[in-house]
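For reference, the structure is listed below as structure tokens.
A, B, C and D are the chain letters, set down in written order, and residue numbers restart from 1 in every chain.
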């Protein structure tokens, strides 16, 4: 990565539009949470930008990240988005059943005021959902309507900048095809309504065309195609993805580094998930699950280096399953059976039962990514931001780079970058003082 | 830590005496394992010195640690030790029931040849054990007998160097008293048979007096007193401790860093252990358990920084219990109930059931510590080796330093030091070539 | 057991006083629940008297128990009790944090109206609690004050009959001594304020002296002494106990019968409990825990018949521990590690993690026992009611009888008795019709 | 069930042929175990016929079942069978990796002597297996070859009687079709090689035609068709099935009766299984899994009576999954998440992790069923033996009867029948004495 330069201080009071395609459990939990924190009703637990400190031994050691870096504050954020179901954020949050009434009631007015714009949506890509609040017309027309939505929103809310964070469902599994091979091919495909163009790609395209960074909280291809990489490069747009790292994968990328650090062997890792929310329903469709499975299976190889350690990691049975189980609601539950071995090959087992809350873990990631993507965009970065891998199950890298999945290596990389920004910010402040 | 200098290459074929007070499950598993690996009957799984690679991006990246550093090899190790029970290592290993007959039979001759020397032992300090193979006389006489044992062993086996690794039981809880305040006070206490001098302190004293590094695999005070720090400093002796990091604490120092990295809050952490080996029997004595408990409870505060994050970690109920449960044998089993919370304070739970094997996890640590302590001693280090914290539940530091418990930070520190040694070794090789 | 006779139909509208020493989590949950069910705000889940059906193949098959037997209905119950803390039931229920505000608010008026009478309480017997709402004077005076309380309550609330259910804390462990050997000795001990007379014994005495059945929801000796058995026999008083069968023991007496039915062997059973309510705090005192431990440990022998099956059950390591762990609140959590073996002795393991709610499981038992004890009393029974073993961890039997712990055998015995009552009720109805 | 009559005492030394289609893990574990018990090398743990006692209060109370009833003894059993893989029982047992070498070595000679006869096998019905040791020809010819095998085996080994126990794999899911509608249709289908006739049906047909009871350890239709019911009725053949009750279903039919006894509500029950043996491989085929799934899903409704308790059991999410996971080998592992609720509807959870051994649990059932089926056949019974439901996941009943799944109700029914046999045996002995 290039050294950061030219990071300018924020102007006091400038607003940042945070636009979310898919205003379900994650988006509404994120939005309600930001409002609750603003009103001092709750703590932004899980948010690195709000609670994190510099950890290194440099001169920022122990200072809050948000006190050192010129980040958009919670007060600066203006939320909007799109959804096929027309419920406002208050109604959608009640339906999602993540947050208690005690938390939602005091925010009712603010949340009711946020209504989803008509979505680009196609049941061919997300088979278990549907709704009336959708755009009509060709893909080209939809892409243009989204751009108009974005511009209109920013104007209406007087936002200086914006960022798009995909908080929608997992789309059906797809591989890169001719329509994704170049920007030219992609735009031609928009014109001919090509069925291999997923809605999430249209959102990513619209974001980039209007100058907004695009952060992808689902495992969909979305921005991760040659066509849209080309667009990001050309337009100087920051991107990040894919798939918020929550629950089971968070634990997996925590425990696997321990095995590797201690040179303990691994025979197999069986992971099962039960969840009862909209996400669970969508993933009950095998075609959407495949997208997720590919995202979830990749992590072990990257962390364990089987080529370097064939005697330890050369033959791992790694299996991931997800089951829709309504009694769980949004409280996803994971069960992992890990078969490891030690000295002379003697077998041991670790079982992990994680009773987590999917949206509670994802919401601060969505907010942090909006704030950090804005920082990177303002610093003149473009394309995949590898230092944001910390937040993703399936990190996208620049061409030729291997993805880092080890949570602690991701953390190290993240902080290395934050230090660069801190230096750049200090320098900018100095120049401003001199100037 | 000072920069390493003067690390001289090993002379081919020089032997390293590895002397272990307490030849029970851990020691016999370690010894049998080294012999099995020598005979290519098994892999040294879990051993950093044998299977670990340099991880950094420098010129050693991806090379085996043992190919880069001048470490004593498994072929160079000569094992001996002391135990109140006079069984040879083969008999003791059979009794310990850690390794299968299939692994032990081919090693029978080698293991039978290793017989424990009479131990310094006192049932006041380890109440649940006893045996006839013990030294008589005053503490002073015992300390001298140990030194004679060490010198005799090294002469008999033509060892160029030696190292002592405490693999004995956990002693009764004790705090630092007048007899430990200075070397002078300690030696006077030896003379008057002071009951506050624990057997493990006598071993540490004897090791240092004969020039051997002392590594402490149990949570006993042992070398961790002003008196013996003074001796280590004066004699230039490397020390390390305390308490091999295995099982539950290994998992705890893996998962807690994830909570901290993700700024997830913690309400409580309940840990229970069931184990049926000699260690379990000893820890069933409340006085020994207290020593262990103190060792196990300290880790969370260090990792989570409650002062920096009172809203996340300011009020944690942390409870650790150990139960002697014979059906488990050496297969210690841990159950952890972790009560965390996320965004806006919503609670989640992680349950970890670790069906581990205590001695299988500890044995490679004992061997690695012997080899790395020898490296440090040859490099002219002395006193507590903080970079070895990676191997310990309760790392001892130089005065004024806080202990690091985070497994991944410990790993980073360990590798930083290994890089120093690699540089020193390269320089030494270059000088040798020039000279 | 003798054949039931003379069971007379209830008179419409007669009230039954349900008096509870100890108005904490269990009592307030029971009382609030009965009120909620009366108002049709909730279902009496877990209550055999309200939801259970006759299971046999006789002519009552499939009929609701409460439609067949002349039981006091929820509408007939009038609740009262004693507690050292003077909070009314609404305040105490809020403090106990078992039931949600949503459930408690609509019952506020009814619950606030129930205020505990001053308790017979002694911190020597329950060391972790205290409160100002206590009776003064000698034990004899306290016993008489309780009787006056009972008579006053029944008069004030126009109750035709009453029953006492101990829902208080577990007292310090005690064994039967001279003061409990006969009624005469007991009354003399009351007079001289003998410290071996526990408060729960005074309650049991007062209940019997005023004609009330005494049901014991804790493992205390209470009514289970020669002295009070003599009184129960003389006064014709129904008794039942000890210790509501909830949580871990409920599971244990479910799973152990399977092992026995299938002739699977058992090496060990390790049970740990974490809970954070008042009960957990009391049991954190070793002296109270011992009372509980004795109650919990007895169950396996009775179910598994080790004498009949020494090869399967002759050498079981059975261990039970309880830990006070505040994050859990009233949601007790149990973890059981069960080491069984099958064909040719091959080992297997069952782990059970029960995330239960102590008071939610106990409340319907308290209510059912009140209703069924009243039934038995009206039928002219006296002394220990073995058929109520189904509800107890540590069933009290008539002299010479072994306790039955197997849940399903308890269920069989319970229904056998209910059928007797059904027959008696049918006969009584017939006689009434004839007469 | 009719009252047993005419049960004649066994003649000393008469042999019973136990013929098993499918000589994999279950069959070889059963055979090796019987030989080990004969040699007093191991205990027949898990076997009701060998270790069970009469439980009732009658005059047989506490006596061993095998001392009261005229059962074939382990010494009387002669094992044989069929398998597409030609390995002898010793080789197959080694391959199955259920029993240790320590157990198998002393039995080598006996086990090597038992070689499987060529099997009726079709990869259309079990897709993941294959082998060369198969019969050729039409279904009719195969059926006749099996009958010849049976007669030849019994003659060669001088067996007075025989019984067939299906220990083969789960076949592809099938429903009853025209070919199974009557015996006539079935025999015509044999003649025309009808593809809806499964191999297990041919075995059941051959067994009945030669007078052998047929016990079905898998969930296949096999004997459970109108055609073969007709044959069993006509020939007076005892039948039993389906699917040995082991592991997860054993636990489920243990815990669900507790919920029902205590009137606790149920929201959902999620069951997952991981196993790595041949059975796991076969069930990884969706078509075979469906057969198993139907067998496993039926149990809850029968135990919980949702029609009687719509408020408790009217809307249960019950999900069962099985995953092939090689690291587990024959040690099947189950994880159950049970979502129950109590008083006023408050939710609780039970998690069960059963680390079982599939063949270790199934082997004694196979042996017990052989011995008990022989008893019933000698007593003149015919058709489905409902009293054997205790051993089956999916009990077959006579037309019109509902299956009983509650383990304890099954146990009650089993013992009721055993008492009948005891009475009949006593009477027969008396008559013999008189005669």
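Worth pointing out:
The definition used in the following text is that contacts are C-beta pairs under 8 Å (C-beta built on N, C-alpha and C of every residue); 3 or more make two chains touch, one makes a residue touch a chain.
Please read these numbers as outputs of a predicted model, since none were measured by experiment.
Between the contact lists of chain A and chain D, the overlap is empty. Under the contact definition stated at the top, no chain borders both chain A and chain B.
Measuring from the averaged C-alpha position of chain A to that of chain C gives a distance of 53 Å. Centre-to-centre separation of chain C and chain D, using mean CA positions: 42 Å. Contact of a single residue of chain A with at least two other chains is seen at positions 351, 353. The full set of touching chain pairs reads A-B, A-D, B-C, C-D. On the chain C side of its complex with chain D, the touching residues are 29, 33, 36-37, 42-48, 51-53, 62, 98-99, 103, 250-251, 254-255, 257-258, 261-265, 308-309, 311-312, 341-346, 348-357, 360-361, 363-364, 390, 407-408, 411-412.
Chain B meets chain C in the complex at residues 267-268, 270, 272, 274, 317, 319, 321, 323, 325-328, 333, 335, 337, 339, 351, 353.
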